[in-house]
Amino acid sequence: MTAATLLDERTPTRRRRALDALKGPVGSIGFMLVATIIVGLVWVGPAFLAPSNIQIVGVSVAVPLIVAIMASFALLAGVVDLSIGSMVGFGAVIFNQLVAAGMDPWIVAGITIVVGVVVGLTNALVIVKFGAEPLAVTLGMLTVLRGLSQVIVVNAPPSTLIDPLYNVTQGAVAGIPVLLLIGIGVTLVAAGIVSKTRVGRNVQAVGGDARAAARAGISVTRVRVVALVVSAVGAAIGGILYVGQLGSASNVLGTGLEFQIYAALMIGGYSITRGGVGNPIGGLLGLLVVAGITNILNIQFFDPDYLDLIVAVILLAAVLVDRFRGGDVFE
Amino acid sequence: MTTTLITSTEPSRPGRQGGARRPDARPNVALRDALSIAGVWLLLSVPTTIVRPDFLSTQTLLAITFTMSISGVLAVAQALVVISGGLLDLSLPVALVLSAWAAVAALTSGLPTWAAVILGILAGAAWGSLNGLIVVFGKLNPIIVTLATGFGGLAVMLIFFKSAQIPSTSDLRLFGLGRFLGLPNVFWPMVALIVLTGLALTYTRWGRHLVAVGGNPRAARARGISLRRTRFFVFLGAGAIAGAAGVLFSAVNPSFTPASGAGFQLIVIAAVILAGISLSGGKGNLLVLLLSVGFLATIPASIAFFGLAPAWALVFQGALLILAVGIDGYRLKRSAR
Amino acid sequence: MKPFHHAKRAAIGIASFAAAGVLLAGCSTVGAAAPAESDDDTFTVGFAVGGQPDADWQELQGDVAAGLAEQRGWDFVELSNDNSEATATKNADVFIQKGVDVVMMFNGQPSANPVIAKKYAEADIPVITFDIAQEGWYFVGVDNAAAGTDGGTKLGELADEKWDCKVDLVISAEGTSAGQINEWRTGNARDAVKSACPDIPEDAYVSYEADGNLTTSLANAPGVFAAHPDAKNILVVGINDQAVVGALQAATQLGRDGSIMGWGQDGGLITGDNVDPNLVGSVMYFLEGYPAFAYQIADEIAAGNAPEVKDTGDDAAVSVTPCPVTKDEAAAIPSIDDRVAQLADAPEGTTEYDLFCTT
């Protein structure tokens, strides 16, 4: 084979790959996002894309985005971590309480992340080493962390406004929220890891067919453990960022966040019932679609209950579409 | 063959399933589960009694039986879904409140108690069949479906009502306040339901089909069992049972709101898992479920006796769940070798 | 060769990303784009309801406020804080973008209030807050401390009258996430009971988490009653009627309601046909009618005469007078929906206290 032939084969493959991407889940969620933007422009008007509105959407989607992307590796690896919402809350509570007690924020951030690692390792130990069912284990961890948050925060939580952190989490550069840019950056890095590196391919292999992956020499244990730790650490970081954004942490922070995140990720092409599918870009788009719809209803001052109904319907539609595309069929 | 995220990381082994199976085909498994729960129950009760000897009293018994009444009925509904291979029903809190609301609405508009009870159960069944239809015709995973319907259902309820109150003079309310054989009235329907459903699973054709479908759907279909019909009726039945829970709920909660069911979600799932009912389906013993519901209901009472903040109950219940599934998984792994 | 290239590319990618992150952090500025002007010159009220799932008065506050705005020909937009501090903060951004002229809100998760206050201050929008004080915001609310003391005093007096102050157990059904308000309502009530009946032993005072709603209260209370099996004469105070009634119901289920009296707060369950037999009284705040007080302030703001900001419970912009009522007195008070309807028909400036507090 000559060098010329090799070059020839590369270009069509790239074009074909782009076309395939458009037809796949990333493509359809992309269309959904475009549709949402169009609906927004038609219904709300040009103010929908005004800088202040981008700011509103960006600031509110940024932290869930970061947590979601970090948790998406676990989904890819075939383990669903339901404890991320409570971990966000617990991390926020720890960060808030320790900083309010006077400790240096950087050290406290380190402590919070270490707590995240511990939680992730605990999940991993029971799921991977003891072979327990991920749903049950992470459900238990969700309960433990929520209980601990309620034990710690009994009265009004202290207020900790850390100016540099506040500037990062609520600030904007050229009209786009900093935290959103960071979130998009994280997404791009994650997407790169997933599609371009061997690590990413290993994770997908483990999620797709653990047995085959093991036979191919991939350490299923290591992949799953790392995925669960990344998930918990991502949630811990999310908690820290929330404290930066909101200036405090109540004992109900993060309640239900895991379901919001997974609904958005599923709309974006992931599956909580089978591993090996999903791309971080799809996850980003899924979160943006939900945030966009939320925003349209907000600035039109609609009853927020309708929003939950709409998200529920979209979620069902998304998994239905996924099923038609050859995904999981439940008999 | 894709790995499922929800169930054990070890794929189910076709060789062990199939054929006519009773839910506790290996009775020593059920016995072993029962003994483990009894053991942990003792582990909880003994220290509490040492610290507070008055822990063993009728008051505690009343507290525990009251607490377990409604979660027990909901746990039966969840257990049916899980045993049949439906993974999990995350919309039970909606079924609970919807049925309670239906019963209260009936009573408020003057209908007799029996009509209100039936309407409540029917409301639950209707909710269940909604789930069933989407799962069966969409061929979608029930966890995702019930996640969505749970969200959506709560939103719809919030749009339609803010709070509901049962008429204080109605027979249903008086039933909820009364006692039978020294224990709360609402406790007995729960026990009856667990026993009856457990017997139905073993001795009726419907029950056996349910278990077969959960154990090995392909083999069940090969035997001529209609998967779609079975699954649909499982969700309908579970909904009806949740409807019964809703009726009981309205009898003891004089005032409630659409979100009032949320507190039951975790405890019911934990009870099912602790009872050794595997999320991969195909097996489960409802008498053991009764034990696990009772055990979980003892934890808040114990916490109160120790004088700790009630939030600790959540911590212990969660930790126990993790421990229990860990041990269970370890045992499964070891026997698989 | 290839893996090395990939790894190097990845490393460069991550390094540049990190550098970009540091740059961004340094260069970012806070503060939304200049707040949009109102589309026209109509005075616009932005209302954020609490969104707590167990409190029907919160949504009704929004309805009452909408009606009052319509009376004045003002624009009215409403959002729900959804009992989440993240949503409350986002709502602030939305109201600022809309360019409202005044904000009225009930925020049940006040931990984010300092950040929200910062945003509104920068946008120069006055805020009227219900029951939850925040520096810089007009405080409209019950003097919760006084309300707590009132309830406890009345209950203590009843205990003296009926039981000669021989009380075995004083249960406090709390809602700790309400923070200071919980402290005022339940703590002060306990103190008032203590003053009325000083001989009650210290360990007879027991608190538990009722989370301010009946279902949770009913779930957590049985353990408390079981843990004090010998208590016969029992008093119950709490953060609101829901919490207190939950405890009373638990007592009934455990057969401990032979000699029990509960005094609630906020009057949520003391009116109507289904009042718990052991709820001997409550303190009506007529929460759903708060907007009437807020509009007194809004009227002045709209006229260009913004009053001085009074932002604490002790020194309130408008101090809502609590209306303690016994169960019998409450029988004359209409239900919450009727109250809202009657308020809508009443002349401008009337408050629910004027209409319904006859004691």
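The first chain written gets the first letter, and so on, giving A, B and C; residue counts start at 1 in each chain.
Everything that follows uses one rule, which is that a residue touches a chain if its C-beta (ideal position, glycine included) is under 8 Å from a C-beta of that chain, and two chains touch if they have at least 3 such contacts.
What you see is a predicted model, and the numbers here were worked out from it, not measured in a lab.
Peer 1: Pick the pair with more C-beta contacts: A-C or B-C?
Peer 2: Between the chain pairs A-C and B-C, A-C carries more contacts.
Peer 1: Measuring between mean CA coordinates, which chain is farthest from chain B?
Peer 2: C
Peer 1: When the centre of a chain is set as the mean of its C-alpha atoms, what distance in Å lies between chain B and chain C?
Peer 2: The answer is 34 Å.
Peer 1: If a residue has to touch 2 or more other chains to count, which residues of chain B qualify?
Peer 2: Correct list: 158, 309, 311.
Peer 1: Would you give the residues of chain A that are in contact with at least 2 other chains, written as numbers and ranges?
Peer 2: 150, 154, 303
Peer 1: Would you pick out the residues of chain C that each touch at least 2 other chains?
Peer 2: Answer for chain C, listing residues that touch two or more other chains: 209.
Peer 1: Residue numbers of chain A touching chain B in their complex, please.
Peer 2: Counting only chain A, the residues touching chain B are 75, 78-80, 122, 125-128, 130-137, 139-148, 150-151, 154, 206-211, 224, 259, 262-263, 266, 271-276, 303, 305-309, 311-313, 315-316, 319-320, 323, 328-331.
Peer 1: Along chain B, where are the residues that touch chain C in the complex?
Peer 2: Residues in contact with chain C: 52, 54, 57, 59-60, 62-63, 66-67, 158, 162-163, 165-168, 177, 179, 184, 252-260, 262-263, 300-305, 307, 309-311.
Peer 1: Give the list of chain B residues in touch with chain A in this complex.
Peer 2: Listed in rising order, the residues are 1-11, 87-88, 134-135, 138-145, 147-149, 151-152, 154-156, 158-159, 217, 221, 227, 266, 269-270, 273, 278-279, 309, 311-322, 325-330, 332-333.
Peer 1: Within the complex, which stretch of chain C touches chain B?
Peer 2: The contact residues of chain C facing chain B are 53-54, 56, 59-60, 208-209, 213-216, 218-220, 222-227, 229, 242, 245, 249-250, 252-256, 269, 272-276.
Peer 1: Which residues of chain A touch chain C once you look at their complex with the stated criterion?
Peer 2: Spelled out, the residues of chain A in touch with chain C are 47, 50-53, 55-56, 59-60, 150, 154-157, 159, 161, 164, 166-168, 170-173, 175, 178, 181-182, 185, 188-189, 192-193, 196-198, 242, 245-253, 255, 298-299, 301, 303-304.
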